[in-house]
Every structure is written in C-alpha cells, then in structure tokens.
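For clarity, chains are labelled A, B, C, D, E and F in written order, and residue numbers in each chain start from 1.
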Amino acid sequence: MSEINQAAQSDVESQTDEPKRIPQPDKITNKDLMKSWFGWWWANEVNHTFDRMLAPAFCFGLIPALKKLYKDHDELAKAFQRHLLFFNTQATWGGGTLTGVTISLEEARAKAMANGEQPISEDMINNTKVGLMGPLAGIGDSIDSGTVQYIFIAIFLPFAQKGNFLGALLPFLCFAIATFTYGYYFTKLGYSLGRAAAKEIMTGGRMAGIIDGLGVLGLYMMGILAGQYINIKSYFKFTINDKTFDIQQILNTILPGILPLTAVLLLYLYFQKQGLKITRGLLYLTGALILLSIFYII
Amino acid sequence: MSEINQAAQSDVESQTDEPKRIPQPDKITNKDLMKSWFGWWWANEVNHTFDRMLAPAFCFGLIPALKKLYKDHDELAKAFQRHLLFFNTQATWGGGTLTGVTISLEEARAKAMANGEQPISEDMINNTKVGLMGPLAGIGDSIDSGTVQYIFIAIFLPFAQKGNFLGALLPFLCFAIATFTYGYYFTKLGYSLGRAAAKEIMTGGRMAGIIDGLGVLGLYMMGILAGQYINIKSYFKFTINDKTFDIQQILNTILPGILPLTAVLLLYLYFQKQGLKITRGLLYLTGALILLSIFYII
Amino acid sequence: MSEINQAAQSDVESQTDEPKRIPQPDKITNKDLMKSWFGWWWANEVNHTFDRMLAPAFCFGLIPALKKLYKDHDELAKAFQRHLLFFNTQATWGGGTLTGVTISLEEARAKAMANGEQPISEDMINNTKVGLMGPLAGIGDSIDSGTVQYIFIAIFLPFAQKGNFLGALLPFLCFAIATFTYGYYFTKLGYSLGRAAAKEIMTGGRMAGIIDGLGVLGLYMMGILAGQYINIKSYFKFTINDKTFDIQQILNTILPGILPLTAVLLLYLYFQKQGLKITRGLLYLTGALILLSIFYII
Amino acid sequence: MHVTLSVWQALLIAIWVALVESRILGFATLTMRFSPLMTGMMVGIIMGDLKSAMIVTAAIQLVYMGFVAPGGALPAEPAIATAIAVPVALLGHMSPQGAIAIAVPVGLLGSYLYQFRFFLNTFALKPMDKFAAEGNARGLRLSIMGIPTIISFLLFIPLIFIALYFGAPVISGVVSNITHGTVIHVLNSVGGGLAALGIAVIMQVIGKQKLLPFFFLAYFMSVAFAKLQINMTIYAIFGTIFAILYVMFTSNRASDKA
Amino acid sequence: MHVTLSVWQALLIAIWVALVESRILGFATLTMRFSPLMTGMMVGIIMGDLKSAMIVTAAIQLVYMGFVAPGGALPAEPAIATAIAVPVALLGHMSPQGAIAIAVPVGLLGSYLYQFRFFLNTFALKPMDKFAAEGNARGLRLSIMGIPTIISFLLFIPLIFIALYFGAPVISGVVSNITHGTVIHVLNSVGGGLAALGIAVIMQVIGKQKLLPFFFLAYFMSVAFAKLQINMTIYAIFGTIFAILYVMFTSNRASDKA
Amino acid sequence: MHVTLSVWQALLIAIWVALVESRILGFATLTMRFSPLMTGMMVGIIMGDLKSAMIVTAAIQLVYMGFVAPGGALPAEPAIATAIAVPVALLGHMSPQGAIAIAVPVGLLGSYLYQFRFFLNTFALKPMDKFAAEGNARGLRLSIMGIPTIISFLLFIPLIFIALYFGAPVISGVVSNITHGTVIHVLNSVGGGLAALGIAVIMQVIGKQKLLPFFFLAYFMSVAFAKLQINMTIYAIFGTIFAILYVMFTSNRASDKA
C-alpha cells in the first residue's frame, strides 16, 4: 500500500546537514496569493472530515504556489503531503493569515534549498501552522460567524419579514463580499509577516532554538486540542442486583480523560513503530470505534 | 517638559560596571527610622491617586533618610524619583516593613557607591518593594482594618449605644496607638532584615541572579495586579432589529481580559519608545478613558 | 534516646563517592517475592497509624528479602529504617507493585555495594516509592474496594437475602482469592520492571539527573499530600457585643492553608536542626494538637 | 397537507440543499448553511410564492439567530430545516409557528446528516493521499473537490427528495426513530473519536519525543481545568510562554543583556 | 424637618468631614473614615446633644460593621453618611432607623466622592515629579501633603455645607440624579483604567524585556483562574517559586550540592 | 428486648469484631470490615439462627453498599454496626428496618473507634524503630504485628462485650454523649494533624533543600485548585512532568537529538 510514510523520513532528512539542491523557485506574486486565497476559500469545508478537518482545503489552496516554488517533483510531493495533515481553523482570520504565512515560509525554504543553504525545516512550517490555528479559529468564529454574519442578517431581517427576497440576498452578498475581501487582506498580511519572520530566522542563527520552541507550542496545542476535541467516554454500565457499576465514573476516579488520551497514544505508538500509515490508522480507529460503540462500551 | 525619564537612564547606568563615586552617607539611627515611619504614617493616604496609589506617602516618609544617605544632589533626586512610582500596600504590616527594608537597601547602595564598590541596583530595590507590597497588603488589611479595628469598636460599642462619647473616643485611640506602635516595630524589623539581606547579597557574589529573580517576581506580581486592579470593560452593546450584539461578550470569546492588557501594553510601548514620560502618559490615558466612557464604549 | 537519626547520616554517606563494601547478596527468587507479598498482604493495615500510615506493613513484607540482600548488619538496619517512614498506598495495585519494585532496587543497590560500584542511592529508592504510592492508591481503591468488592457482594446478595450463608462466604472468598492472586502478579511485574529500570539507571550514567528528578516528584507529591491529608483548621471564634470574629476566616484572607503548612514546616525545621528524631516529633506534635484542640483553638 | 410538490420542485429543492450542504459554493456557503434565509428564498422561487416563503423563513430565522459552530458541530442544520418546513407550511397553509414546529426536529436530524458527511468524506482521503505522494496536482484537486461533492450529492439529494415528495409525516417518524437509535450513537462515538487520528499524526510529524511532556502538560491542564472553561487563546498564550521559557532554559545565552 | 442648622454648625461639620476624608490626620484617620463613631461624636458636640448623637451613631455603626477597603474601594463612606444623617435625625427627632435610611444612600454617594478625590489628586503629581527631579525636598513635601489637602477641602467643605444647610431633601434628589448618570460612569471607567499607568511604569522601570513572559503568565493565570478567587499571597508565592526556578535554570550552578 | 445474650455468646462476638477490626487476618479482612455480611454470618452461627441473621444482615448491607475509604477514613464501621444490631434484632424479634435504625448510629461510633485505634497504634512505633535500628528482624516483626493486635483486642473486646451484654439502650446513650463531646473533637484534630509528621519526615529524608520550591508549588496548587477537586493521578502526572523538565533544564544535554 502506498502510504505517505515518507513524511516521517523527510523529516529526518530535513534535520541532517546536507540539504538537497533543487531548481530556483519562481517569484511569488500578488496574483499567486489571490489564487491561493481563492483556492482555500472555495474548497474550504468541502472535504471536511473528523481526522483531517480542513487540511485538504488548505493544501488545495496552496497547490498553485507550491508548483511555482518546487520545480523538483519529489519536493513538490512532499510539500503536498505535509499540508494534508490535520488542520482546522476559521476561514478568513485563520485560513487567510496562515495561507500567507505558509507560502512565505515555503518560499524561504525553497529558496534556501535552491541556494544550498540550510533551509527552514518542515517542522518549523508545521509547528507554526499548528500553533496559530487554534487561537485564530477562536477569533475568527467569534467575529465572522458570531458577529459579522448576524449583523448583516439582523439589518436586513425586516425585509424578509415583509416578504421581500432582498432580506435573504443582501445578508448573503454582504457577508460574502466582506469576508472575501478582508480574508484576502489577511493573506497578504500573513505573507509579509511571514517573510519578515523567515528572514529573521534564517539570518539570526537561532533556528534550532526556534524549532524547539515551536515544537513546544505545537505539542502543547495538540494536548489542548486532544483535551477539547476528542470525545470518547464509556457508556458501559451494568447493574448486579440493583447495584449499578458505571465504568466512566470509575475511570474518572482513576484518571479523568484517560480514554481520549489512550486513543491518541495508541495511534502515536502505532505510527512510531509502523511509520506514518495514516489510512491504516484511520481504518483501525474507525473499526475500533464502531465495534466499541455498537456494544455501547463507548 | 521636565519629565522624569532620567529614571530609565539611571537604570542603564546602574548596570554598567563603573559606579559613580558619591560622598559617604551618614549613619541611619533609630530616630531616623522613627522619622520615616512617622512620615509614611502621616502622609499615608493623603495623596492617594489611581495611578501612583500610595507612592507619594512612601517617598514622603523616606525623605529624611534619603537626605542623610545621598549627599550627592543627583543621586538624591533619583532616589526621590524612584520612590514616587506606583506603590500600594497596607500602612503598618506593609508600609512599616517596607519603609525599614527600603532604607536598609538604600543605605547599602549609598555606602557601596561611596566606597566605589558595585552597589545594589535600583532594580533590586524596586523589585523588592513591588514583590512584597501585595501580600503584605493582604495580611495587613485583614488584620488591621478587618480585625483589630472592629475588635476595638465592638468592645466599646455598648458605651456608644448608651450615649456615652467614650464609645467613639476609645476605639479610635486604641486603634491609633496600637497600630502606630507595632507599625514602628515593623519598620525596625524591616530595617534589620533588610540589612542582613543586603550584606548577604553584596558578599555572596550572586547579585545578577538575585536581580533577575526579583525581576521575575516583580513582573509576575505586576501581571497579577494588572489582572485584578485594572477594570476596563466594554459597555458597548447594540441592537439591530431585536438581535443584540454585546461587544464585551464577543471580546471574551476572543480573549478574556484583552482590554486591561491592551491598556497596559500600549502604555508600556509608549514609554519604551518615548522614554518614561509619566505625566504625558497620564494625560493620554485619562483623555482616552474619558472619551471612550462618555460614549459608553467602555 | 536511641532515635533513628542515622537515616539522615546514611543519606549523606550515600552521596559520597566511596561506597561501603558489603558481602554479596543472595539471589532473589520467586519464592522470596511470594514471601514478601504475603508479608505485606498479611500485615497490611494492622499497624496503621496517622503518621506512618502503612509503612510498618511494607517493611514487614520486605524483611525476608532484605535479609537475603544485606548480609551486613548495619546496612540491614538502615534498610529496615528506611522502609518504616511514612508510606500509604492501596494493597494490591500499589503495595504489590511497589513491593516488587522496591526489592529490585534494593537488590541492585546491594549488588553494587558488594561489587564496589556506585550504588543506587537511598534517595532514589525512597522517591520512587513516594512518587508512585499516591496514584496507585487511587487506582487500587477505585478498582478493588470500589468495584471488585461490590461486584462480588452484589452477585451473591440474593443468597443472603434468602438467609443463605453462602451470600456472606462467597463474596469474601472470591475477593480474597482474586486480590491475592493479582496482587502477587503485580509484585512480580513490579520486580521485573524495577530490574529493567535499575539496569538502565546504573548503566546510563544519568544517575544524578534521575535522583534529582525523583526528588522533584517526591517533594511535589508530598506537597499535594500535605494539601489533601493534613486537616488542621482553627475553630476559634469569639464574639464581642454581637460582632463575631472567626479566626479561620481571617487566616483564609491572609493565606489559605496556612495552618497545615505551618505544622509541616515546623516539624521539618525541627528535624533539620535536631536530626530525624521521629518519636520526639510525634510526642511534641500530638501534645500540641491535643492542647490546642482541647481549648478549641484548632 | 394533501397537496404535494411536483417531482421537479422536490428535485430542485433537493439539489439546492445538496449545493449548500456540500459547501461546494465556497466559504460563503457558511451563511447559507447557518441561516435559513437563502434556502427560504430558493424554495419560494421554486414554488412560485416568494413572498409567503420569505415570511415563513423570517420566522424560522429567529430560532437560529446566533448559532456558531466552532470545530464543526452546529446544533442544528437550519438550511435543511427550512427546505422541509417551508414547503410543508406553504402547501398546508400553516402559520409560521407551525412551520417552526416542523423545522426544529428536522434541523436536528439535519445536524446528524451533516456530521455523517464528515464521516463519508474520509473515503476521499485515500486517493487524495495517493495523488499527493505522486505529486499529481490534477488528481489531488479532483480528489479534494470532486469526491466529497459527489458524496454529498448522493447523500442529500435522495434523502431530501424523498422527504419532500412523501411528505412531512414520514419525516417526523424517521426523525424520532433515528435519533434514539444505535446508529446515531455509533455515529456520535466515531465522530467524537476520529479527531484522535489527526492529533496523533501531527504529534508524529512534530517528531520531538523529548518535548512530549508539554503535550501531557497541556492535556492534563485542559482536563483538570475543564470546569473553568478556559479560552483557547489563553491556552495558546500559555503554550507560547512555555515555549519561550523552554528556549531560554535550554540555551546557554541566558545571562545576555535584556 | 423645618428646623435647620446654623451656618456655623454646618461649616464646622463640613470642615470635620474634610479633615477626615482628606486623610490629613495620618493613618489612624482610617478608622474615622471606616467607622461613623468619631464623626457622630463631633456632630453631637457641635449640635450640643452628644448623648442623642451617640445613640443614633451607634445604630449607624451596626450597618457598616466589618467593611474593609483593599486597594482603595470602600463600598460606602460611613463618615460622610453620618455627618448628614445624624443632624437630620436630631433636628427631625427621627428614630435611629430613620437615620439609617438617610445614611445609606448618602454613604454610597460619599464613596463616589472619595474616588473622585483620587482622580483630582492626579493634578498634584506633576509638580511633585518636578520637585523630585530637582531634588527639592521642601517642594516635594509640600506637593505631597499640601496640594491634595487643599483639593479635598475644596471638594468636601462646600458640598457638605450645602447639603447640611439646605437640608436632606436636596441631597436625596442629588443622590439619585448623579448615581445613575454618565458622570459616575465616566468616573468609574477612569478609576478602573488608571491603574494601568502605574503598572506600565513599574514594568518599564524593572526593564528586563526578556522576563516579560512572566508578566503574561501572571496576567493570564489571574484571568483564567478568576473564578477560583485565588488569594494574592498564594500568587506571590507562585511568583517567588517561579523566580527561584528561573534563577536555577539559567545559572550553571544547578548540579551543586543541595 | 428483655432477653439477652449469654456471656459466651457476647464474648465470642466481641472477639470476632476484634479480629476484623485489628485487621490481623490480612488484607482481605478489608471486605469483612467494609461489608456486614461475614460478621452477620458469624453472629448467626454464634446465636444459632443463621438464617434470620443473614436476612437482617442483607438489609444492613444495602445501607453500606459502595463505601470506600481512601486514606483510611471510612464513614462508618459496618462490621461493628452489624455485631451490635443483629443480636439486638434477633433477640427483640425486630424487623430488618429496626435493625438498620440501630446499626446506623453504632456504625458511626465504630468509625471513631477505628480511628482511635490508629492513634493508639503510635505506641507501637517506638519499640519498632528501636528494633529496626538494631537490625533485629524478630523484634521488628513482633512490634509490627504483635503490639497493634494486642491494642486492638484490648480496645474492642471489652467495649463490644459490654455493649452486647448490657444491651442496646446503653449504647445509644453512649453514642450520643460521645459524638458531640470534646473527646471526639480532640480525636479528630489529632487525627487531622498527625499526617504532618509523616510528610515532614519524608521531606527530610528526600533531603534536597534546593528542590523545596516544588513542595511549595504543589502545596499551593492543591490549595488554590481545591475547588476543582483535581484527581491525585493528575497531580502525579504534573509532578512527573515538572521532574522531567527540571532534569532537562539543569543538565547541559538539552540540545541533543530528540
């Protein structure tokens, strides 16, 4: 089975000191940023799944940019792969900004590889995404979905109440135009912030420290997400002569949160031993969840 | 405008390795401690403001001691200035103790400067005050205002209820005498503890570490105080066709505590760029607060 | 008075670089593990006290193993002493496992001493016990007392309700046999895990770091236990002319948890100054507690 | 309620719902999904009574005012609710209140359908990963956009069509049957557990085992402080602070100037 | 309530209040401010009916028993309440309960007045800073003690005098007008925000940018744990522990003996 | 209730209780102590009416279903309760419900007795420490098992015997007298405070003063977060994380490969 366990290998490669030489990348223009922003905007929640969340859309958006940056086929494939991993954020504040930031970091990486310099590592790109996606999602959901959307709806609601179709069309159009516009602005902003950061990183000679720091942040955020997104609890209760035994309650006195953690750690160890065989992991996990839940064990 | 931005500069100076030579200080006697304690006691809440709290009274109390320690005019002025910055604590447990501690540290600093040795830095003096003032305030308020005061009132209340003026006079006198007495005791205690600590610091050769540690404590306590004392929230709500948008609620989903933090950070950055122009900062801040609150934005 | 303050001295000794030479220990067999497990199982809560909790039983269980390991009389005595200090855990999950782990560590220590190598220190043995006993207690109480026990009772309860004595006998027998069996299994598991760990520690050359780390964990858990097990609060209230003063409430505004902490710190300082005179500490503490509680001060 | 929709009307409405729920119209479909308004308008056009449709829809809108879906879960699917409730209301000449009574349970069921879509989408991941590994941009694009769209169409069009064509009674029966059954339980459990995969993958990709303590620190902070409902941004700030301190404490440049 | 105070009586009481509220009599004025007793005694002496005044005052005392003002905010100003309520009670031959009914709203308004004083005092800071920079001890002393005292006198004497001389009805009107108005809102907002200045100054003075993470750590701990109402001393202990660990981890003496 | 037990019956039951409560029969005595069943059976055998005894006991069992004793404190002592209540019920021909009414207060008092045992056991510690210091295994064994057993026998046998022989009324009088008195208060206080000793000893033995900040960190975390009732295992995980980070930050191998 053709699994993407090269990701794990490429990771190792990126830490050795002999970076691969690749052809010079093309320059990233505003048009490219617009293409990427539009790609993300369009694909946004189309391929939403529980285990990758919005990563496919993120990768979809980056395709044109990555093709300009990585003329080397292998590197292009690896870039595709690394942007297909678990990713979730809000569309404009999160996705716009991170599209820009990611393109700038990929550009710096591609350039360094072309020049035979020590490139920004995949880790750094991943951890930056992972560290920022959560808080930006919170901000974006609150503002876009929670406020901007309902402001427009509230303004035009009286039209609808009177039976006028503008009460439906205008909120939609206003929301679509407003968010598309500032989302693109965030993309450009992210790109220029990312460029500045990339330059700072590559000249500052503090790369190792920054990678570690981003690793801390990334793993920390994964811990928080695991605590908040994964929802596995035991529904298993049994009653013997009127005395009820509630497994989840017993688990709570032992270690609250033990089931979600176990799931993550089992998968982590599986990948650790077998390489990053995501599809298999998905099959096993789904199978286990279905089996356990059919019998109401979870 | 004659601003006290020298404070910031003197700070830099105190970290360079060439301390300034100043005349030998006079010896601090018990009488001096009594003078300082009385000064603080008297001025205590007279010049209470929101942005300096009780600092003026603290400086007022130190004046006689500082005059004996810094025969050098510039150093005296700088000493005055550094004790006029934000300071708040309870009068006896906090103020008494810190008056003593501060005099002992200032004495050690003045002596070292006179002898051409590496003096205790301004940072260390500031951070010691800042780190201790909060907890001592809690202790003191609880004991003096919350307990001692009401014990005396409760004891003599029946006099008042029968119309006897001793029911008013005695609680006041008892409270005044008791607190004055043990406050002076705390001043002397603080002074001798401070002397011991100063000696330990100056001979231990661990000054740099201690300054950093006190800096950590100081900044940590400022963070706590910022979280608990600064009270800025948005009152801005608007209703469009019956749907209400509450800005503070939206801000809470983005980042609770964002407004007080923004205020502190803006001021911090202003001082960072423009030097420590406190009066201007005060004017801008007050102006902004008035403007925003008049329109019920905050 | 013959106090066991040698414990403190031996501690110092174990950190110097010249370990004492002792005779080669005998090999630990499965039979020895069974003897120790049975000893702990039998003595378990017989000598339960507030200040040592189940330590005597733990030591009791270890006696046969320790006698095979320490042919040197002094070292044997010291081993006895170190396993008589405060220890509390659940019988099977905690006590079984830790009996095994401790024997393996003691064995490694004895062997190293016999071979003139740097032995595993007493600290490391103590901290391992102390760090693991709390969580294992939680797990064990929840499973053995809270679940397994009541499952058996619930199953056979109808017998009892019909007046059949099997309703009493069977739950007891099932519980006794089940727990004895898996407790022994945990002992063997603990022993082999401990052996692996001991080998890893002794060859890895990272002993100092591990001792420090275990010290952190040990002291951390002591802090948690102090916060949760020690229950000292002031019951002292007085009312003057209808105004009530509640000392515990006042203490809470000053520093919640101050009384238990004071008790621990006073004892700690006492031992620091006077050596580890446990019996005296016990006498003073009990005396103080009785005196204070008779007058309802605590 | 004896008058029904024509086949074409039912089909058109079903297609509209599939367009919205597949999200194929881009991010802004979000507001079509969260709000009943656009769906109400389309139904009105299709049924030839735009005015009445808008009035009923406005009433439904009030019920769903303020819904947000952080992390994917919307408590109800207003667009689906509307697509069913408005026709029923128009045909049966019901009051807006009556329409709401139909909309609420349908919206709830819709929410399960939408989550079922997440689950079905996982079938698109395998070809996607393959194309990515091959560096095949065309295939990648297709698998990201094409397959999930087809899935959504196959899921929503028949269901909505049947529901509309055979009427409301059928629906409410189905609703109550399904929501209490094992199917929903399994769906919920799988949905609740699948995020573990993505997280484990990222952990693997970050790949620094020595930093795993920070994962555990975060996990158990979020468990221990669950009752305090601490905001994600605050956790991110804590994470950043720990990252900075980690770098400080493991580098040897600590005594530099401030 | 048709009998009123003489000009002199009203003036003397107003001066007393100004003395107490300006805090110019030293720290022990605190108990004069927190408790109505001394003010009641003075009013009794001035009005020539010490006994009745004390009895009314004792009743008022019970209301304010146990008030504390950590960080400056007292929920009511008992001295001001007493200065108004006792004369009204004595002149109108009211019961102590009647006096309490007057005292409570006046005490509340007094609390705003006292906070307004904090605000006015900021005007004394500019000359104070100037004298300090010049090393002028005399000027410094004057600006610290003199200006705020004058401010308090100008604030309290006229207000209290007018209130006493024109009687209670005026006061209660004013009270209700002001407490709901924009003036109080602005005052509260400015008061709530000004502490930011002092804190920013201290941060600047501590001056170690690399240590700022500890500021943020503390700030967001205090925000995230707000519901737990963690005691300031506990936070200070946490701060101390972090400080010690920081020094441990950044120095290279870590492997020393204990 | 005029019929009483014979001396031998009372004595045998008392001895049984002492065996259970002394815990001398090994860990599995736990379930004899937590559950009334075995005690009920023994009482039935001794009194010659096993069947009735079992029925009454089964009723009592329901009251104590689910009791756990983390850290030593069981809210009631079911074995003692049963030893008193079942004979009284059998002799008085009471209903199981009547027996429960007697069992509950007795169980409560029993819990105090059991804790008093912890206190008396401290007398065994001195000889134990002596034998340990001498490396005397025999003496050590004896002091660990022998003395506490004797103490428990001396404590429980007379008390239970008297209670059974002189009947239930005496007991209930004693119960209510003692539970509200100073004796219990002192016992509680001493019990609550003695754990401080063991903890201080361990701290001394760990002996690394430089690591004390972690003790304080933990103590004040447990105080500050008391309301969140954080699980002990979670705290242990935090402790482990801090330990790992401590080692990371104080060693100089930080920049190694993961």
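FYI, contacts are C-beta pairs under 8 Å (C-beta built on N, C-alpha and C of every residue); 3 or more make two chains touch, one makes a residue touch a chain.
Given the structure is predicted, the values throughout are model-derived calculations rather than measurements.
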So which of B-E, C-E or C-F is the twin of B-D, meaning more than half of its contact pairs are the same residue numbers?
-> C-E
Given the two chain pairs C-E and C-F, which is bridged by the higher number of C-beta pairs in contact?
-> C-F
Could you give the separation in Å between the centres of chain E and chain F, each centre being the mean of its C-alpha atoms?
-> 54
Find the geometric centre of each of chain A and chain D from their Cα atoms only, then give the gap between the two centres in Å, rounded to an integer.
-> 17
At what distance in angstrom does the C-alpha mean of chain E lie from that of chain A?
-> 52
Geometric centre distance via CA averages, chain C-chain B, whole Å | 47
Residue numbers in chain D touching 2 or more other chains?
-> 65-66, 207-208, 211, 216-217, 220, 223-225, 228, 231, 233-234, 237-238, 244, 249-252, 255
At least two other chains touched by the same residue of chain B: list those residues.
-> 138-139, 141-142, 146, 150, 153-154, 157, 243, 253-256
Which pairs of chains touch each other?
-> A-B, A-C, A-D, A-F, B-C, B-D, B-E, C-E, C-F, D-E, D-F, E-F
Touching residues on chain C, where the partner in the complex is chain A = 135, 138-139, 141-143, 146-147, 150-151, 153-155, 157-158
Seen from chain A, its contact residues with chain F in the complex are 208, 243, 252-256
In the complex of these two chains, what residues of chain D are touching chain F?
-> 207-211, 213, 216-217, 220, 223-225, 227-228, 249-252
Provide the residue numbers of chain F that touch chain A in the complex, in ascending order.
-> 65-66, 231, 233-234, 255
Chain F residues within the chain C interface of the complex = 22-24, 26-32, 34-35, 37-38, 40-41, 44-45, 50-52, 54-55, 57-58, 61, 65-66, 68-72, 117-119, 121-122, 124-126, 128-135, 137, 140-141, 144-145, 147-149, 182, 185-186, 188-208, 211-212, 214-224, 226, 231-233, 235-240, 242-244, 246-247, 250-251
